[in-house]
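Could you have a look at this structure, given as structure tokens, before my questions?
Should a chain be cited, it is by its letter among A, B and C, assigned in written order, with residues numbered from 1 in that chain.
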């Protein structure tokens, strides 16, 4: 009697499974058949797109705007059809150091490795002192790239000079060649308190310098291509409370500062009498400086934050 | 029996007491609600929820908000004197605030009528926050923008119309060009005022650059009391293409290994070939000497 | 003095180490072991164990590298230049010069690897090398020069090994090795024809390569903008200095070997006299280049050069600078002009002084420049404004020096220090004359 019950149960399960299989298969086939697009009859080219809700829809190709940035991006070539330019207004810098704080935080920099430094400059005792934020100038004729033996540092089509920390052999020739002294070296295993690469599920890319920093290799300012990818300004530009930095695309003839104000680049450079740092060396930097004239605030205000013997402006415990 | 009922009673008191005291005191939230109509998302009610903690405002994340629309009851023509404006609200949508405390309600344009629209955002029954309502009212309007070709220049023509198609004057609009990181002022003025025909004409005298040739002009009515914020876009295809100024495809001393100047590639290799070739012959000579024993 | 061939062979054949020799080898090995420990620290912890930081980014390791490359040039000078110009007096010291050259260039190559931040990625140089980079040029010339020096060392050894094979027939194992390395040399006419032509070719070839190696090393510095390095003079300046340093090394080692192996009949006072005269000439040439290198920028005093020169002439590095030039260069000239100064013992001391002075001169070339940046030195710890080598750096430095000496010692143990075959030949020529 029990065996019979078991057998009946087995039969039922088997039949049920078979029926279920047939039903699913049939159902799937039916849905495929019925989901033919309504305008498949027309000759228009259709593209499959994924909506934000996870649905797949078919859209006529003519209505789709192709964004080449996302698909064709090569970290060694850069953003197509762009040339990045930065303008630093020395008339506005008060050594607030928010730029350095943001850069350090965003790139997980600690210890003595700050890439952006604000120097107290004074050409000679008769001329006025001023504050000058200095980071990599992303030169168009970069002396550092010329001397690298292994193509670890490279100049992209969009003007940005980057470092491939997985290829660098640590010879430091680029550091000797740079007249602006903007490159730093990881003399030991770098302490990067907030960075956990596994947590970030991030694969190393030269696009994001400092994520992670590698022992025995060189680091420097990267003009934040990782922020541009998100549509944001570089960390320093965004963080400055005095709108000292402006950043933009030279081919658009426009630069935007931290408050979102956008200016016509060519006009800004001409009217404010811009210059580049150490122009006579022939490096052709991508950073323009606006002279420290017509300043409304005294230079002394910045002396509060002047820390000539300290690199990273915030302590790791913060 | 009496003992049992006493323990039950005590238990009940205890439960309510603990519920009241051990649950966190609810915080008072601050809601700010704005109406924005832009060309991408259409009519949107944007809500920002924040709360005060230690003298700073922090965003309230993952809070459920409900949007209600005020519906006026049908006015009975016969009983005009007895119109009672009872405020009836119908639920429109629900949304959750994101990391930054923002929640967006995307409205169906068909549900927006002419005349004053009143909406209310309600925060109800949140475990962390006290209940709060905030209303927003606006009248629907439309910005129509187009590019006008003149003899030797171009202009942007903007007409501001309300929901009934009537032009609205004395509205202050910004007309700016979209650039990579922000909006650039074009033309002389930061703001343009619509004239009696609700029109603005912005003349574009200078060259405007764009590598793709496309120029996106953004026309914005910013936070008007009546109409909220309206953002419209018009694209012109007359962007001047600036010549590329990079050396990436040239042979330079700072290019990658294979793109070195030809002399730098050829001369060292010739020298190496010559010298190492000779050295290999000399090594072979050693072998010859060995063979000559 | 007339000697029979067999006597010459007897006197010049390699001998076993006495107690002094063995102690010497043990001492060198101890120094090398300490260096290996120090390098292990560096390999695991990173270059932080050195005194180098972001401003003084090249230090003692690079000074060592330049020093070794400089010393190795003597191989081409003595072996090739003197040989080609028919100066037969140099025959006894050609092998000494070649051995020094080979040992120095090997340690030079090793030293540059020690300086790398990521020595584990050395393959990248060969996989991704850029011909636009002076470092790649340096890698290419160094490997070329090493090969040429090895060949120039090996070729004249062929007849000597054949002679030694016969000489050591009472020690079959040793004899077998000499036989192997002599490539079964029989001294036939055809063999000699190839032999002479090859050595001639090598001697000619090594000269441009030697010029190349030290010019390229100089370009590692002069292709940058730095004050003190931004000089058009650097190539010839370095080569002149290299010849001085190398000659000093030959003179010093020649004296030691002469004493240790009792080779007074072969390395005579006359040899010291000639080497002394050569050294004076080379020092004068180098002094001339130094005058050009320092006096001209001192006249102009541009902003960048000014601070650097002040540091050298009167500042932090002034003692080192004046000692290196005064004692390391001027003093040898003054002593060696006189015949008494060119006697073996004084010349030996002068040779040592020249070599030590040469090392300090290269330290002065590398480090002070880097501490004079174009931008203010701000936003860094105060210790970064200076550079002092750490004890671990010194251990590695001495380790590489010991390594060079060890290579030389081992080679001098098994190779005849003075070319036997050529000595016999020249002896016979003298007898027939």
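Basically, contacts are C-beta pairs under 8 Å (C-beta built on N, C-alpha and C of every residue); 3 or more make two chains touch, one makes a residue touch a chain.
This is a predicted model, so every value here is computed, not measured.
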Next on the checklist: Can you tell me which chain lies farthest from subunit A, using the average of the Cα atoms as each chain's centre?
Outcome noted: C
Checklist outcome for this item: The chain pair joined by the most C-beta contacts is A-C
Next on the checklist: Centroid of subunit A to centroid of subunit B, CA atoms only: how many Å?
Outcome noted: 20
Next on the checklist: Averaging over Cα atoms per chain, report the distance between subunit A and subunit C in Å.
Outcome noted: 48
Item to check | Centroid spacing, where centroids are CA-atom means, of subunit B and subunit C in whole angstrom | outcome: 68
Checklist entry - Which parts of subunit B, given as residue numbers and ranges, touch two or more other chains? => result 253-257
Checklist entry - Tell me, which residues of subunit C touch at least two other chains? => result 128-130, 132
Item to check | Touching two or more other chains - residue numbers and ranges from subunit A | outcome: 146, 151
Checklist outcome for this item: The subunit C residues in contact with subunit A across the complex are 45-48, 52-55, 57-58, 115-119, 121-122, 124-125, 127-130, 132-136, 139, 220-221, 223-226, 370, 373-376, 378-382, 384
Checklist entry - In the complex formed with subunit B, which residues of subunit A make contact? => result 76-77, 81-83, 140-142, 145-146, 151, 154-159, 228, 231-233, 247-254, 256, 260-264
Checklist outcome for this item: Within their complex, subunit B touches subunit C through residues 253-257, 260-261, 264-265, 268, 272, 275-276, 278-279, 282-283, 285-286, 288-290, 292-293
Checklist entry - Where on subunit C does subunit B make contact in their complex? => result 128-132, 137, 140, 144, 147-148, 151, 154-155, 158, 183-186, 188, 190-191, 194-195, 197-198, 201-202, 205, 209
Checklist outcome for this item: Residue set of subunit A touching subunit C in the complex reads 112, 114, 117-121, 134, 143, 146-152, 167-173, 175-177, 179-181, 183-189, 215-217, 278, 281, 307-311
